[in-house]
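Two complexes follow with subunit A in common, the first pairing it with subunit B and the second with subunit C.
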Partner chain A sequence: MQQPIFSLLDVERTYELRASGWLNRTPRQLKALDGVRLDLQRGDTLALVGESGSGKSTLIRLMLGLEPASDGRVLYGQRDLAQLDAEERKRFAREVAFIYQNARGSMNPRMRIADILAEPIRLHRLCEESAIAPRVVALLDRVGLPAGLLQRFPSELSGGQIRRVAIARALAAEPQVIMADESVAGLDVSVQAQVLNLLRDLCRESGITLVFITHDLGVASYLCEKIAVLYLGRIVEQGPTDAILNTPRHPYTRALLQAFPRFDAPLKASLSGEIPSPVDLPKGCRFAGRCAQVQAACRETDPALTALDADRQVACLFPVAAI
Partner chain B sequence: MDCAVALTPQAADMPASPPPLLEVRDFSLRRGQAVVLDGVNLALHPGETLGLIGESGAGKSTLALALIGLLRAPEVQLQGSLRFRGTELTQLREADYRRLRGNKIGLIFQDATAALNPCFTVGEQIAEPLKRHLGLSKWDRRDRAAALMQSVGIPEPRLRLDAYPHELSGGMQQRVMIAVALACNPELLLADEPTSALDVTIQAQIMELILDRVRALNSSAVFVLHDLALGAQVCDRIAVMYAGQIVEEGPSDRVLAAPLHPYTRGLKSCVVELGSRMLEPIPGQVPPLNAMPAGCRFAPRCPKAKAICSEQRPLAEIHDGRQVACWFID
Partner chain C sequence: MSEAMNIAPLARGSQWKQRFLQPLLRQRSAMAGLAILAIYVVAAVCAPWLATHDPTAQDLMAALQGPSAAHWLGTDSYGQDLYSRLLYGAQLALIIGFASVALGLVVGVAIGLAAGLMGGRTEWVLMRIVDGLLAFPELILAMAFMAVLGLGTENVVYALALSFVGPFARMTRGDVLQVKNQPYIEAARLMGVGTAAVIWRHVLPNVVSPILVQAGMRISIAILLESGLSFLGIGVVPPTPDWGLMIAEGRAFITMAPWISGVPGVALAILLVALNLLGDGLRDAFDPTTQKDA
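Presenting the complex of A and B:
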């Protein structure tokens, strides 16, 4: 077995909340991530799926080293992200690119597209100064944009174009891993389809490892070969995309699939209630309060993520039977 | 050519059917030189739900805003007719419009956080139309507001009456806005992307709730949507809009299961479904308002376009129980 490019070992992230009154000094804790175990192989395409508040974005911030884990370890290759020295950090920043959810907001509005794309190349000294310009043109071409946009400002581009520029910027430093946060949310379907096809082709052609955050299971299934479903800071199910879609074993995954709008089935509100607050988590299974098949044991025992098959894991005491 | 008469299929098929609740005829809206809506024809009958579907810039929201009189002269120039229960809306005075809005026509917007006033409690905001349109007393309003909150699935409504919008989650705020919209039992509900900011599980809950309330009140609803599959699930009829025109309109099961217009087909092949293997994006993009093609507005992006398409605008024809505006319908 190949060495994983990323390993998360029981990663936990808690935020201390200020006590509400000055008489009440006991600080409360918000557990955004709790005991996340994840291995990412080189060339994997993994989608992190879940409702807002499930911890998807926190997880990716930890994997990018933007925040330290409160407990557990995040390994990139063999190295702990928390212990990288300056030189290693810089190499990490080149090898792991991030595409922000708000593509326009992630760019300096007073820089032209040419400069935005040249910056990472210059920063990492990837080529001679004279070779930067043709390289930037090639980058734009790779994401299907004309060179005529080079002298424009981010505000002059459409929603689809700006996402492509964000992808081009991520590619500029020739990364090995791309992490993307909701990169196609809020786009029109035809533009979304273009951006999805672009991302999919890039990953297939260059063997880039992709971690893609989305709340849309359809997008996840189109882009990624593996899916990890998160709920309240835990991975509740993970496995190959086809297996997750065809035989979801966790009741939450099944409910997400049922709520997904489709042409051939009536509307179905598969889940009642909302994702609870990550402060003061219940003792048993976190999903018990909304689960249709909840049993007495679920409120007592917190199920751990356990392997069903070689590549399939689920955290449920009573997994849905495979059909 | 007088196409307007032929364009109301109900009138042609069933002369004895009741008059439509809402009738849009040859309606155009200009903003200066730009033609934002061009020759829109629609009819909505009591109890029906209609989905306006298309990409941004298609004019869906503009049409919805024009219907409720929030886009009027002199800001924009209107042509043609908008009739609601037989009343011509384009000629209505603002004071009369105010009597309709929030009363006979309820509104639900996309962004509940922006639509609700942060300075008033949700109870006060639900009670406002009850005071303005129904003239209920203070205590009746409070009772009614609590009952409305209960009906839209807000737990412990008595306690939440005095909550401010920011104290509620996004899904709960959306429910509050639905309660405001339904406060006076409207005959028509306009919902502009009511769930696009919400998670799928909450989206399904909210859509089910809206449909449930609309049916309970025997009202009609117009949804502005960008999600075709959701449109298929919640709407009786679908109007597909492109660049300010309706290109295809009819019963949702037929329009979406077997689209006739190339644009509807193109849109459908872009939709990501569970386990989609291949998406085929429509090439090109929506033309800007100041440079609309002379003939069919979709012609530059259409795989089936021929010479006539870029010269003459196709008029909507009735085909298989729907109106389709295309020169080459199979």
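Presenting the complex of A and C:
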């Protein structure tokens, strides 16, 4: 078995909430992530899927080392992310790139596109000063943008262009892992297709490991070979894309699939209600309140993520039978 | 590729024009201010060649003379040539104005950056010091420091700079607090950009323009305060050609020889008006919240 590039060992992330009352001063805890176990192999393409508030973004911020894990460990290669020394941190910064959901906001409004793209190259001394300019042009070309944009400022570019610049910047440092947070959400369909194709080609050609956050199962299935479904801070189902989409074993995954619009079937709102508050989670399975086939035991026992077969895991006491 | 290279300098030039020059050119009063300031700067720089007399040469035989061919703007009670003193006085006023604001800006921005970026206890301590500085009116603070430091041109610069540290520090900190939570700062850190480079490349350029506008407006205040200090006798040392000193000297002879106070007074007034026009123009041109309808 290959050495995983990222492993998350029972990672938790809790936020302390200030108590609102005068008398009740005990702080409440919000569990954004609760016991997440995940292994990422080199070359994997993983989609993190889930509703808003399911902890997708928190998970990716933890994997980037932007926030510390409250409990459990995030390993990059063999090393704990929280204990990297300066040298390793620098290497990590070069090897792992992040594409922000807010692509425009992630770029300094006072810098030109040319400087934005040159910054990581110059920073990690990837090539000589004279070779930077052609390299920046090549990067832009790779994401299908004309060199004429080089002297523009981020505010002068359109939404699709700026996201492609963000991808170009992520590629500039020649990373091994790219993480992207909702990178196609809110784009019109044609631009979305361009960006998706670009990412897909990149992964296939360069063997880049991709972690892609999305709430769109269609995007996930197009781009990624693996899917992890998150619900309230825990991975409830994980496995190869085909298997999950064709035979979802967790009721939540199934409900998500049914909520996805299709041409040949009427749309039914299979998930009623909002995702519950992650503060003061109820006892038992966290999905029990919205689950269609909830049973008495579900309200008592919190199911752990258990392996169904070699590469398929589900966190449900009574997994839906494979059809 | 070659095409991109050809376009680059051109685009850069026109961009600069569009962003800085055009909004400023549209401000007519600012351009008038700039023109007057330019005349003062030329006069100050060329003072050694334009002056007809040594500014500190006394000629008691020619004291209290009105404007004449020998002394274009007349002489004061020591017989010093007012025209020459006016030119050298412009030099001193502009040097003190720019130097004190520059010093106050550097120190103030450094404090503001440190407070805004570090936060916590450092911020609390720094901002309480700044509050202390801001509690005094500028002139009082400068006077107190002149009393401690003693007379002299350099000390005037230090005293004035100190009174400007507070406003610059507070303003910088406010903007830094806003900028430091922007995603591009986090993105830069994530890419592995070092702290110094993050501050220099990502934080500073995004807080600097309101600070520079403020600096422009402060120069006129600095010159006024400096003249005030000298007028009160706690600024530069007497024979130095200084407008505040000249006004003070002429006070006793205001009925007999009004030009002694009048000449530097008018020069000071015109310079201050010009600087204020320029400052207002800068603010209107670069601060979107105060943009006037044309």
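One rule holds in what follows: the second predicted complex is superposed on the first by the 323 of 323 C-alpha atoms of A that agree within 3 Å, B and C clash if a C-alpha of one lies under 4 Å from a C-alpha of the other, contacts with A are read in each partner's own complex, and residues count from 1 in each chain.
Simple rule for what comes next: a contact is a pair of C-beta atoms (placed from the backbone, for glycine too) under 8 Å apart; a residue touches a chain by one contact, two chains touch by 3 or more.
Note that this is a predicted model, so its numbers are computed, not measured.
Student: Sharing subunit A, do subunit B and subunit C clash or fit in the superposition?
Tutor: In the arrangement built by aligning on subunit A, the partners subunit C and subunit B fit side by side.
Student: Look at A:S106 in the shared chain and tell me whether it touches subunit B only, subunit C only, both, or neither; answer first, second, both or neither.
Tutor: So A:S106 only meets subunit C here.
Student: Applying the touch criterion given at the start, work out whether A:P134 contacts subunit B, subunit C, both or neither, answering first, second, both or neither.
Tutor: After superposing on A, A:P134 lies in contact with subunit C but is clear of subunit B.
Student: I'd like to know which partner A:H215 touches here: subunit B for first, subunit C for second, both or neither.
Tutor: First partner only, subunit B.
Student: Looking at the overlay, does A:P120 come into contact with subunit B only (first), subunit C only (second), both, or neither?
Tutor: Once the two structures are laid over each other on A, A:P120 reaches subunit C alone.
Student: One more residue to check, A:A147. First (subunit B), second (subunit C), both or neither?
Tutor: So A:A147 only meets subunit C here.
Student: Any idea whether subunit B or subunit C touches more of subunit A?
Tutor: The partner with more contacted residues on subunit A is B.
Student: Applying the touch criterion given at the start, work out whether A:L256 contacts subunit B, subunit C, both or neither, answering first, second, both or neither.
Tutor: first
Student: Just checking: does A:E225 make contact with subunit B only, subunit C only, both, or neither of them? Give me first, second, both or neither.
Tutor: neither
Student: Name the contact category of A:A173: first (subunit B only), second (subunit C only), both, or neither.
Tutor: second
Student: Taking the superposition as given, does A:K90 touch the first partner, subunit B, the second, subunit C, both, or neither?
Tutor: second
Student: After the superposition, pull out the minimum Cα separation from subunit B to subunit C in whole angstrom, please.
Tutor: Between subunit B and subunit C, the minimum C-alpha distance equals 19 Å.
Student: Of the residues on subunit A, which ones does subunit B touch that subunit C also touches?
Tutor: none
Student: Which positions of subunit A touch subunit B when the two form their complex?
Tutor: So the residues of subunit A touching subunit B come out as 51-52, 158, 160, 188-194, 196-197, 215-219, 221-222, 242, 245, 255-257, 259-263, 265-272, 274.
Student: Can you tell me which positions in subunit B touch subunit A when the two form their complex?
Tutor: So the residues of subunit B in touch with subunit A come to 55-56, 169-172, 199-205, 207-208, 211, 226-230, 232-234, 256-257, 266-267, 269-276, 279-282, 285.
Student: Subunit C touches which residues of subunit A in the complex?
Tutor: Contacts found on subunit A: 64, 66, 89-90, 92-94, 97-98, 100, 102, 105-111, 119-120, 123-124, 133-134, 137, 147-148, 150-151, 173.
Student: Quick one: in the complex, what on subunit C touches subunit A?
Tutor: 1, 3-5, 7-8, 11-12, 15, 182-184, 186-188, 190-193, 197, 201-202, 205-206
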